[in-house]
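Next come two complexes built around subunit A: one with subunit B, the other with subunit C.
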Partner chain A sequence: MKVFRIVFPLVLLAAFIAFPFVFTDPATTTVAVFTLFFAAAGVGWNIFSGYTGYIALGHAVYFGIGAYAMALLCQDWNIQPGYAPFFLLPLVGLIAAAFSVFFGWIALRTRRHTFVVITIATFFIMQLMAYNLRAITNGSAGISLPIPFDWTADFFNIPFYFVALAILVLAFIASWWIHNSKYGLGLLAIRDDEDRALGLGVNTGPFKLIAFVISAFFVGMVGGLHAYFNSSIFPPFAFDALFDVAIALMAFLGGLGTLYGPILGALILVPAQQYLTVQAGSSGYNLIMYGVIFLVIILLLPEGILPTISKRWNRWRASRNRAEATPDIVTSPGAENSVAVESSGKGVEQ
Partner chain B sequence: MANLILGAVITGILTGGVYALMASGLTLIFGVMEIINIAQGALVILGAYLSYWLQANYHVDILIGLLITMPIMFFLGVAIEWVFIRPLKINRTMLSILVTFAIAMIIEGVLTNRVGADYVELNAWYVNASFKIGNYYLPYIYVFGFVLSVILLIGLYLLLYRTKFGYSLRASMQNRTAAELIGIDIERVSAITFGIGVALAAAGGVAFGATNLFNPGSHYDLISRLLVIIVLGGLGSLRGALIASIAMLVIGDVTAVVWSPVWSSTVFFIVLVAVLVIRPQGLFGQTEGRKQ
Partner chain C sequence: MSLLEVQNVSKAFGGIQALTTCSLSVEEGSITGLIGPNGSGKTTLFNGITGYEKIDTGTIQFSSQSITNIRPDQVFRLGIGRTFQLTRIFPRLTVMENMHVAAQREGMKELLSRWSSTHEQKRALELLDFVGLTKLKDTPAANLSYGQKKLLEFAFVLIAEPKVILLDEPAGGINPTLINQLAEQIRTLNKQGVTFLVVEHNMEFVMGLCEKITVMHRGSNIAEGTPQEVRSNPAVLEAYLGD
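On to the complex of A and B.
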């Protein structure tokens, strides 16, 4: 199992790297680029919401701030199209993270429902700001970014694909590291019982805020990259309510708080969403279909795919052990709640 | 200027009553079931479209049409609770937010598909006619909407405080588990509460649709305001919802007059943030205790 834990992500990475060389059709790689955008944002989001159990439905704020930061930096510093804007991404992420310190500080004063509602409210505040602060954002007219004209249509997606993959890898490493660290264990303790965690000496306030800021950093970078990819931004697309729930839904589908869950969710949902948008157009069918998929996922797989599989697997293994008939083997008490046990088990190893 | 501000305060109070109606449905659902119904905004818009449809095809006056639309919406609410909310067993709080969001998207999609994305407004003789107070003209619909809200809120009050069902409902709000233990059929109470909340949304929809242009996408703006109102008032507090709606609408309307209409919503949100920094539980909310 240990070897598998190291080999599997490398195999996955190799598959991601090989993908654009196997499927060179621009239409396919565009979908792949969007999938990576959402996977990276989802992994980032999961670092906060998955591990702490605080469901933030306002991460489009940091996506939008990243997008506007990218556009404004390109404009003010007169960045030439080409590879140069990619180097701005870490700065763009830091700008989004700086905003998240303030919003996170306010939102994390509350818990549960109130927290969710405040994250939604910050989203609407920032969307209105994008419309109203015309001096900075140019209002609903939007801002254009440099367009790399000398990239051919066949080549255009490739740099974006690999930069998005780089962000995904970074986010995944951060997620992996946190998941296996004492810090991550503290976050999981907050998810399971915040008051008890506080009583046991977990410094819950800073713990939550740091996770929030880390997740905003990654989502902000994705926002900046997405803006450059689209080469223009407008308030409703930079601050998109559907983005808020899309990343949450992807994490829920794959498995909230698991390492691979958001990636798996993005791999399933983004192509489906792109297909539906193309098929259904704007007559409302895409919304209906998306809503129905949403409902089906939540009602049938409320725990997500990966936790359901690992639960089944544990149960199957437990029953096999029992069949081998050594009566003194106690079946794993963690089989009921494999995710939590798995993670705390890792923490003990450290 | 003073006159304009006075006028803004009056319209703020009158429209605040309508928001109070929609928000009380939302906060009631939260109080009993501990879920936030993100679809409330979409259900308001759906109610407005139902009235619009009744009026366009059968010439039913929009206020009288409520006698038809409110029962329909009540049963729709019961059905939504039954089919989509009740099956949620684990992590109900968070999943219900996503489920109701999905319902909002479906409603928006169906409406976009059936009626298109054009903006419409409800019409009746009292929508365009107005009367004069001082030197300020006030459309009748604002007064009618306010009166409608007051009547329905009084009805809600009587239901909650004077009937046996009201006792069960308030008991469920206080403590769901304990209410279940003393023999209250909590699932029935939940379904009926959801229905009432949705029926109130329909009534709010008529007053909203007659004073605003709306299209299927309008529910985002509406639900964001309603969420702000119920959080500001304190989740699950009816009194908080009433006071917060009126305060928010007055603040918004006065901002629109003294500064600019584009900033009224922003000020609305900034007030929320300011209040929550001082009182994280909202104006009338109870501090969240330890939940096991």
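On to the complex of A and C.
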């Protein structure tokens, strides 16, 4: 199991690296690029929302700030098309993170439903600002970014694919590191019972804000990369309400608060969405189908795919163990929110 | 000067006066009992001491240092641990993870290193052994029985080595065997120097365990003394039987 934990991400990484060499068709790699955008943003979002249980539905704010930061930096510093804009991404992420300190500080004064509503409100405020601060954003006319004309159609997706993969790997390492750290344990404790965690010395305020800022950093970088990929940005696409919902849905589908959940969610939903868009055209039926599929999944797998599988696996293992020997207490380690404890024999209390 | 000194604390929730000039002192190394009829303000006083409620007037001192209206995490870091009447553990974390939440660390580097460091892991295992939960260490805490959850909460408060522990009805809703075991554990820890303040309705438990008992009624302390003194105090009898 321990070997698996090290080998599995490496195998997954190898598969991601090999993918564009095996499937070279630009239509396919475009879907792959979008999948990586959402996977990276989802993993970043999950560091805050998955671990603390605070469902932020306004991370399009940092996606949009990242997009505009990228566009404005390229414009003001007269960055040439090619690889140069990629090097701006860390700075773009930091700019998004700087904004998130302010918004997070306000939003995190509230909890649960109020917090969700405040994050949605910050999203609408920022979208309105993008429309109306014409001096900076050029309003609904949008801003163009440098276009790398000397990249052929066959090659164009490749640099974006690997930069997106690099952001995903960085976000994954951050998520993995935090998950195993004392800090991450504090975040998970906040998710389960925030006041109890506070009473055990967990400094909940800064803990939450730092996670919020880290998640905004990764989402901001994805926003910047996405803007460069599209060569232009407009307020409704930089600050897109569907993005808010999409990254949350992906994490919920794969498994909220799990390491691989957001990646799995993106791997399923982004290609499905792209396929439906192609099949149903621009009529909007794809959104309806998207919603129906999602409802079905939520009804059948309310905890997400990975926690459900891990629970089934543990139950199966427990029942197999029971067949071999009768231990004092049969439980399901690793499963979250497990419902059933099956105690056979005497409990520990006696 | 006592280890924990509560002086003239008052607290109102709207029109309801939960605490009225309530005073209490807990001597270092003692096991002090806090009893009183339902609604007499015991839990509110606990919440006031541990920072969960802001008190309106009065002072609370710990080791000659004011802890009046500071945050719960600050109170805990100073060395005051508590359990809750309705046990509060982290249901989706495993028993072992629950243990590590309260193990204190300072500084970014420490916070970013693995939660299961060897020193803390050893201490957590010792404490789980102490309360008899070692076998369940990888079980999600939600799966524990009520009594086991109480033991877990007691154990994870202990990991931070608090100087004083406030127990809110530790014997409530658990079987007699476990109550005796708990009393024994409290005595053992007390011999090692841990001070206890215990709220409890189980009189047999309190009278058997505590050297000194404070009685509360309608938000104030009305009597204090040894179990014998308290038992024969007319004001106490009236509070419990009167009206």
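The working rule: the second predicted complex is superposed on the first by the 325 of 350 C-alpha atoms of A that agree within 3 Å, B and C clash if a C-alpha of one lies under 4 Å from a C-alpha of the other, contacts with A are read in each partner's own complex, and residues count from 1 in each chain.
Definition applied: a contact is a pair of C-beta atoms (placed from the backbone, for glycine too) under 8 Å apart; a residue touches a chain by one contact, two chains touch by 3 or more.
Keep in mind it's a predicted model, so treat the numbers as computed, not measured.
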Touching partner for A:181 - first (subunit B), second (subunit C), both, neither: second
Which of subunit B and subunit C A:202 touches, first, second, both or neither: second
Touched partner set for A:252, first subunit B, second subunit C, both or neither: first
Which of subunit B and subunit C A:192 touches, first, second, both or neither: second
Residues of subunit A at both interfaces, subunit B in one complex, subunit C in the other: 195
Partner subunit A, residues of subunit B touching it in the complex: 30, 34, 36, 84, 87-91, 93-95, 97-99, 101-106, 108-114, 216, 220, 224, 227-228, 230-231, 235, 262-263, 265-266, 269-270, 272-273, 276-277, 280-282, 285, 288, 290
Residue numbers on subunit A that touch subunit B, as the complex places them: 53, 55, 57, 106, 109-114, 116-118, 120-122, 124-125, 128-129, 131-132, 195, 241, 245, 248-249, 252, 282-292, 294-295, 298-299, 302-303
Subunit C to subunit A touching residues, read off their complex: 50-52, 71-73, 75-77, 82, 84, 88-94, 97, 100-105, 110-115, 132-133, 135-136, 138-140, 142-145, 147-148, 156-157, 160, 175, 177-178
Subunit C-facing residues of subunit A, complex: 177-178, 180-186, 188-189, 191-193, 195-204, 328-329, 331-338, 341, 347-350
